[in-house]
Every structure is written in structure tokens, then in C-alpha cells.
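After this come two complexes, each holding subunit A, first together with subunit B and then together with subunit C.
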Partner chain A sequence: MSQHPAGAADHGHGHHDEHENHGSLKAYVIGFILSIVLTVIPLLVVFQTNMSKNGIIITIVTMAVIQLLVQLLFFMHIREGEGPKYNVMTLILGLFIVVVIVASSVWIMSFNSVVQ
Partner chain B sequence: MYASIKSFASSFFVTGDPLIYGADVSIVLTSIAVLFVLFYFKKWGWLWREWLTTVDHKKIGIMYLFASLLMLFRGGVDALLMRTQLALPNVQFLQADHYNAVFTTHGTIMILFMAMPMMFGLFNMVVPLQIGARDVAYPFLNSVSFWLFFFGAMLFNLSFVIGGSPDAGWLSYPPLSEMSGSPGVGENFYIWGIQISGIGSLATGINFIVTILKMRAPGMKFMKMPMFTWSVFSSSIIIIFAFPILTVTLALLFIDRYMGGHLFTMDGGGFPMMYINLIWMWGHPEVYIVVLPAFGIFSEIVATFSRKRIFGYKSMVFALLSISILSFFTWVHHFFTMGSGADVNVAFAIATMAIGIPTGAKVFNWLFTMFRGRIRLEQPMMWTLAFIPCFVVGGATGVMLAVAPADYQYHNSYFLIAHFHQVLIGGVVFGYLAGIYYWWPKLFGFKLNERLGKYAFWLWNIGFYVCFMPQYALGFMGMTRRVYTYGWDMGWGPLNLVSTIGAFLMGIGFVFQVWQILYSVKYGERDTTGDPWNARTLEWSIPSPPPMYNFAVVPVVDERDSFWEDKERRDFAPAPPVPVSKLESIHMPKNSGVPIIFAACWFIAGFGFVFDWKWMAFSGLAGVGISLLVRSFTYDTDYYVPLEEVIETEKAAGRAV
Partner chain C sequence: MQHAIEHNHSKHAADSHDHGHHDQESMKVLGFWIFLVTDCLLFGTLFATYIVLKGHVDGGPTGKELFEIPGFVAETFILLTSSFTSGLAVLAMNKGKVNQLIGWLIVTAVLGASFVGLEINEFVNMVHEGATISTSAFLTAFFTLVGTHGLHVSVGLIWMIGLMVQLKMRGITSVTRRKITVISLYWHFLDVVWIFLFTIVYLMGVM
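What follows is the complex of A and B.
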């Protein structure tokens, strides 16, 4: 997936003329630093501050979502590519399944707190 | 010194059971025999160059196939041990703890180390050929996937003789699988064996999605793809969404066990039911992962052996894709009895029944394909015909289990055992066997012997019903799963004896299949045409076994079953040879030794974590990192097969003039 597409057999057309640009070094470094910062913030909040439990949870979730976007933009090249928008379709399906997993787990498990 | 070695060895190796000493001896003898053959015939170089470092999807598929047959043997022996123990009341063959280990490894091996690799073997052997590609999209990653599966499976199987097998059930429910319930290393073997092979499974899912999206022959639009390719596509979608859930769940269990976490423990605010919720979120889609490709295989076989186009192609595609989405909405039916309340249970009961609709539609499509077809009863078709009634009964008992209030009666009884064996053997195993019989001549160049195959077929089929029909009744009579013995007063003796006889019939069927393979290597009917079944899809347009580059000239597709339409147009005369001027040198990936070393490093790391030997775990992980770096800085990954070699190969196969 990097510079040389892992020897993908390409129907004998030989050369990879339509080589897509896979981002610059600058973008990767920015993405890397942002990821580290976004990971350190929750750690600091948990270990170094006296924020309330809800505040901590909200901070962690927010940082996680921003981190997800950073990964998509800087490493997964979500803005690139032409043709059918496979990546957008896949993301929507992925998002849908994540929502199903989280929401229904809360729903399924909430009965536990009702009976206790 | 001697005393300390002795005390280490007595806890390191499993001791005390004659069965395990027998296994020790056979492992040592087999290893010595293999090493002897390799040294004596000087085959090390050949093994390394042709197999261990290969990135050829056909060879990787064959390795998957044989590894999975080996695992079928191991899982099958586990099954026969259990059936022997249960044959009569109060049998003293296995002790309770040994029985626990045997049913745990039986389940885990059959699903994760038998069904999954056999499925990946069929993916690899067939999909690139069927879509007119020369390899998968990421051949190197494909090899990585295989070796991760292989070393994961070896790590898991090692627990039988070293350290002790896991014995908390095939899904390792906490709190039993926590340190409090399983202080030994068995559960660590479970976690690391599955984690290592699970990464490989995820990678294979991604690999085949990309292969199918990007590598189809020119003109092969989505709605012109063969049904098996469609089923692999839907199965791969489920893999990439479901396997991360498994990985995370087992990682959380590992945190509990290794670092003293309290995620799923009974005390410290743990939440054991959350594990069951999470693991079934993978576990239910998993059964559709393995069964969808079997559906695809049946669709190919039914069309070929009825000499008709598949009935209702569009509805088949729609059914596959809707099953792959619906499969994520049914998982609670595995734990209705947890008591989540009526609203939750009803929602998931309805979702479970809904998934029966597309599945039922597929059954009707197969029947209508056969209707007024010219049916030939060859081995692949026999397994397909055996599948349909078996799967319909399994599906019907599945709908019974889906009724949440009634499930309180069936839950964890032998009724459930009979149900899921009926869909998994009747659906998955029959399907993969049908696929193996169907595509075997393509990969190996000869058919499997018909007479021995028929013995195996009838032994499997009769054995199946003799084994599992009594278990439905035993379930109603109150026999629960995982009991290791029972008394005369329960009245379960006669039916259990019948069931055990059926299990051994299936075991004899497997022996016949091994014999069939060995016999056919020498005497099997050779396939010189490349199209022994008069089939419909592209893989049959090339010689058997296919040349390393599959297609000398990339086929152009303009309709569904285009190979069949071509044959009809020229009135089934042999295809004209290709003029040499049309051939060209072919771009192919180079072999690499990195995948096997990478996976072996994971094995070392996993083994280190199992015994908490940090020096070993971290040196293994360091090896993993170094392998990744080496690969990242390897730029020379591909080459061109010279034109002369292509011409020579094609002429030898009679395909070029």
C-alpha cells in the first residue's frame, strides 16, 4: 500500500501509471503529533486532575472521536481516490454497526441495573 | 539442579493421563519421521522455496486445506472421545476435568482452526481464478495471514501436551475463565492462539474484499460475478466488522488475567455478562461467515450439475448481502436466558426469525435451479443434495430456538447441540466437502475416486442422522450439554449409545476420505481438459492445475457465466489455442520469507505471554517489529515472468500455437 503496491498482480499491464499520491511527509508528521497529543490529554485528565467522573468520560470520548477523524484524514486518505465512493459507503456501514453495537449493548445491559 | 528440572518439567508438561502420553509419543515419532524424510531426500530447499515462502494463492490455499483437514482430525478425535465417554451411563473413560478440556478444544478447533481455514483455503483456491485475476490483491499479506493462522493453531494445540488445555468452554465465559476460576495457563493458550490467528483472519477478509473490488477481469460487472465470489464478498464484509470485536473482547479478558483487571470479574465492579454480550457479537456473525461461502459453493455446483443457469441470481445476491447485515442483529438469541427483559428478547427473537427469510429464499432458488435441469449425480452434487434437507431441518429447529420464551426450555440442552451441529455439519462441512470435491481437479489435476467417495458420503450422511437425531430427543429428556457422565436412572443410556454409533460412522467416513485422497493421487482420473465437470465459470477455462500466473491472456467477460456461453457458441468444441503473438511477459509478486518469520515471532511472543516469561514475550515482539521493518524497506517485491517461459508453459499445455 505504500510506495510499491505489494506486488499486486495487475493484469499484465505492467506499469503503475496511475499511481495515486499517498500524502506528504508533512501530513504524516502532523497526524502523528496530533495523535500523540490526543492520547496524552485523557491520560493527564485521569491522572493529574480532579475532574468529575462524567467530565472524565466526556473528555475521553471526545478525544477518541477527534483521534478517529485525525486517523481518517491523515493516515487513511479518506479525501483521496476517484470512482465509486467505496470508502464513504464502508464508513457509513461501519458507523451504523458501531452505533448498533454500543446502543444495543447499553440497552441489553441496562436491565441489569433495573433488577439490582 | 536435577530436582528443580524435575519440578519444572512436571508442571510444564501435562502428566498423568495415558491418552496424553500416547499423544506425546506420536508427536515425537511424527516429528522425527518428517525431519528424517526432509533430510534424507534433501527437501529443505524445495520446501522453503516452493511452499514456506510462497505468495501464490493456489499454494496458500492448498496449505490451508491440508492444515484444516489435520485440524478436522484433531477436532474429530475430541468428538469421538466425548461420545465414547457418554456412550453408556457411569463410564470411567475420561475424568471430569479432562472432559471439560476435550469439549473446549473440540469447539474452538472445529470453528476457528477447522472451518475458518478450510473456508480460507477455498477462497484462495477459487476466487482469483473465478474472477480472472493472476493473484489476490495483496499476495504478501495473504502469506502473512496463512502463517498467522498456522502458528496460532499450533500454539493452541500445544496446550494439549504443554501446560494444560483450556477447559472453560469454547467461548471461555468469565468468571470461569478468569484467574479465580482458571488459574492455569490453559486460558492463556486460548487467548493467544485465537488472537494470533484472528489477526490473520481479519487480514484475509480485507484481502478478498479488495481482490473482488479491484481485480475482476475486464467487463465483469458486479452483477456478472459468479455466485461463489458474491458469497466470499459478503462473508468478507462480515469478517472485517466482526473480527475486531473478538480481538478487543479477548484483549480485555487478557487484561483481567494478566494485569489483574476487573472488567469481567465477579468482584471489583466487574461485569461478566458484558463479555458474553461482546463475544456473541462476534460469535453470531461468525456462523454466517462460515456458512455464506458454503451457500456460494452450492450455488455453483447446483448450476453446473443441473446444466442450467442459477435460478434467481439477483435474489441470491440480495439474500447474501442482507444476511451479512442482518447477522449483526441477532446475537442476543445466544443468551435469552440472561434475563434482559421481554423487550430485548422480543427484538432479537424477531431479528433471528427474519434472517430465516433470505436463507429460505436461497433454498427455493436451489430447488428451482434443479427443476427441469439435467441433473448429474457426481460427488459434489451428492453432497449438495444431502445438504438441502439437512439444513432445512437445522433451520426449522433454529426457528424453534429463536422463540425466546420456548428457549428457556431448550437453552443449553442437547436439543441446542443437535441444532447447531445440524446447521454446521449439514451446512458448513457438507458445503466445504462439496467444494473440495468440485475444485479438487482444478487444483491438483485429477478427480477424487468416485467409489471410495460414495462410501464416505453414505457413512457421513447415515452417521450424521444416527448421531444427532437422538440428541434432539435427549434434549427434551433433560440432558444438558457439558455433562461428563450420567446415571442409569436418567434413562438417557439407549439414545446416547445410538448417538455414539453415529459419531463413529462419521469417523469411519473421514477415514474413507483420507484413503480416497491417497488412492486418487495414484489412480485418480486425470483431468486433461481443464473442465472436467462441463462447468460454467472462468476457473475452468484454464488448464488443471493452472500455471503459476493463472491466465496467460486476461479474459474479457461480457455476460454472466461467460465461459459457458462461449462453449455454447462454439458448440462445445475445444477452445482454439491462442497465437503466440498475443502472449506477453507477466508481472508477478516475488516469494518472501518474511511472513513465516513474522508469524513465528508472534508464536514466540504468544508462548512467552502464556507462561508469563517476559524475556521470551518481549524478544518475540521485537522480532515482530524487526520483520515489519525489513518488509517496509524491501522495494524489490515483484518481477516479470519472461515471455519465453510463458510461451513454453502455454505450448506444453496445448494452449498456444
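What follows is the complex of A and C.
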């Protein structure tokens, strides 16, 4: 009798964990291949093409952002887990602050030298 | 009767304790996630500083003269692969295979160590060429940004070695499971930061 509920709880526990970590080998391999491709493309763009400087910058930054998403989805399993997505909310807030810090620092520092 | 009630009570307490324990572990993972987001802010400010000071070379060497292409490309692929192998470690953990888990952690740690080795080598070469942290504002920002990332990787290595010892001693429990989940998140995060270092510092530096 005392064994049974413990066993059942254990089973539920194991099941819950399985549910929590969907990560399959397939997802990791796809994520890895995509990451390699998204790393090789910027290398080719920088060293093998004659695009304009701005074109290159836009392309490689786009590739970096896509790779960030690939890592979040395939490696860090951001979509998974139950209940409210506090992790996604925190991440969005954090990324917003990062973008504001970087963009406004660059903007104000460049503008500053123009004014002087 | 008294005994039965006590028994029931203690069973109930154990159950709610188990449940509470589980909740606590997932709260700890969330807490770590919040730490990672604040770490993003740290790197964000360092990136902002670097981008602002990038052109301020003060007559010293520029990124184009200093960065060695094979070096940073190798570092990128090594870190990318180690991010993948730390994912494989989590897969092995989910299957309950402790030896396989430790094996993948060793592979991840070896790759991480070679990354740190290459980076130290790169820094030493730069210093020998006279490009030290005090040469120019550009180099101050560069060494601070890249060095902070390298320090994170080094701390992760020590942490990973500690976890391997703990896994060997205790096996896969709900506590070690949470710890492995957390360190793999940390490792993927470091890879993401490196992608931006690779793009903004190195690729734009050699353009």
C-alpha cells in the first residue's frame, strides 16, 4: 500500500519530465546543420562576394539573428514547458533593453561627434 | 488508528514535499534563465561600447591588421560543435544513460578548452605585436568584450568538471538533472553571444 502511491507519483514525475524535454536527436541535428549553414553564409559573403559594405553588414547581421532564433528554438527549447511562458517574457524584455542600449548608444555617440 | 493517521499524514507530507521539490527545481531553472537575460544586458553594454569605440584606434593597429581569419573561424566552429554536443548530453540524460551523459560532457569540455586555448593564444600573439589593452580605446573595448566571453567559457568549464564529478557520485537525480539542464542553457547562451562576437567584432573587423 505504501509502495503504490510512491510508485505512481514516481511514474507521474517521470512522465512529466519526458513531457518537459521534447528535445529529440532530430531537432538537435537540424539545429546544428542550420547553425553551420548560417555560419558559412556570412563567411562566403564577406570573403567571396563583392557586395557593398552596407549590403554585407545587413546580410551578416540578419544571419546572426536567424542563428539566435535557431539556437533558441532547437537547442534551448524556448517553446517548451508548461504554464505561463515567463522565460519568453523575460527574454523579450531583456532583448528590448539590449536593443535600446546598443542602438541609442551608437546613435547618440555618432551624433555627438557630428555636433562637435 | 492513531498509527494509521500518522502514516497517512507522513505520506501526504512526503507527497507534497516531492511536489514542492519539483516546483522548486523548475523555479531554479527559471531563475537561471533570468540570470542569462541579465547577462545579455552585460554583453549588450559591452557591445555598445565596442561599436562606439571601434574606430578609435589612436594610430595603433586596426582589427583588419590584427584578426587572424583561420583562428576565429576555427573558434567559431569549435564552439558551435560544443553547443551541439552539450545538447546531446541532455538527450543522453533524458534517456537515463549516465555514462553517455558524462561522455558528451567530456567532449563538450574538451572542445570548450580548445576554444579557450585558441583565444588565449590569439590574445598572447596580439600582445606580442604590441596591441595591448591600453594601446587604444578600440583595443580596450575589444579585450573587455571578448575577454568577458572567454571568462564565461572558462567558468563554465570548471562548473562542468564539477558536475561530472557529482554525476559520477550521485547519478541522475532530480537535482543533477536540473543542474545539467541549467549548464546546457548556459553553454548554448555562450554560443549565441559568440555568434554576435564573430559577426560584429571579427567579420566586420576584417571587412
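We take it that the second predicted complex is superposed on the first by the 92 of 116 C-alpha atoms of A that agree within 3 Å, B and C clash if a C-alpha of one lies under 4 Å from a C-alpha of the other, contacts with A are read in each partner's own complex, and residues count from 1 in each chain.
Basically, a contact is a pair of C-beta atoms (placed from the backbone, for glycine too) under 8 Å apart; a residue touches a chain by one contact, two chains touch by 3 or more.
All values reported here derive from a predicted model rather than from experimental measurement.
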Check: Touch check for A:86: first (subunit B), second (subunit C), both, or neither?
Finding: both
Margin query: Applying the document's definition of touch, where does A:111 land relative to subunit B and subunit C: first, second, both, or neither?
Written below: first
Note to self: On the A-aligned overlay, A:76 touches which partner chain: subunit B = first, subunit C = second, or both, or neither?
What the structure shows: second
Margin query: Quick check on the superposed pair: does A:55 touch subunit B, subunit C, both, or neither? Answer first, second, both or neither.
Written below: neither
Notebook entry, point to check: Which partner does A:25 reach: the first (subunit B), the second (subunit C), both, or neither?
Noted result: second
Next item on the list: Name the chain, either subunit B or subunit C, that contacts more residues of subunit A.
Entry: C
Item checked: Which of subunit B and subunit C A:101 touches, first, second, both or neither -> both
Note to self: Contact-wise, after the overlay, does A:46 reach subunit B, subunit C, both or neither (first, second, both, neither)?
What the structure shows: second
Checklist line | Footprint overlap on subunit A, where subunit B in one structure and subunit C in the other make contact | finding: 2, 6, 9, 13, 86, 93-94, 97, 101, 105, 109
Item checked: Touch list for subunit A against partner subunit C, complex -> 2, 5-6, 9, 13, 16-18, 20-21, 23-25, 28, 31-32, 35-36, 39, 42-43, 46-47, 53, 56-57, 60-61, 63-64, 67-68, 71-72, 75-76, 81, 86-87, 90-91, 93-95, 97-98, 101-102, 105-106, 109-110
Note to self: Give the list of subunit B residues in touch with subunit A in this complex.
What the structure shows: 55, 133-135, 137-141, 213, 215, 217-218, 237, 241, 245, 271, 273-274, 277-278, 281, 325, 328-329, 332, 339-341, 344, 549, 554, 584-590, 632, 635, 637-638, 640
Checklist line | Touching residues on subunit A, where the partner in the complex is subunit B | finding: 1-4, 6-14, 86, 93-94, 97, 100-101, 105, 107-109, 111-112, 114-115
Check: Tell me, which parts of subunit C touch subunit A in their complex?
Finding: 7, 11, 14-15, 18, 22, 26, 30, 33-34, 37-38, 40-41, 43-45, 47-49, 51-52, 69, 73, 76-77, 80-81, 83-84, 87-88, 90-91, 94, 174, 177, 181, 185, 188-189, 191-192, 195-196, 198-200, 203-204, 206-207
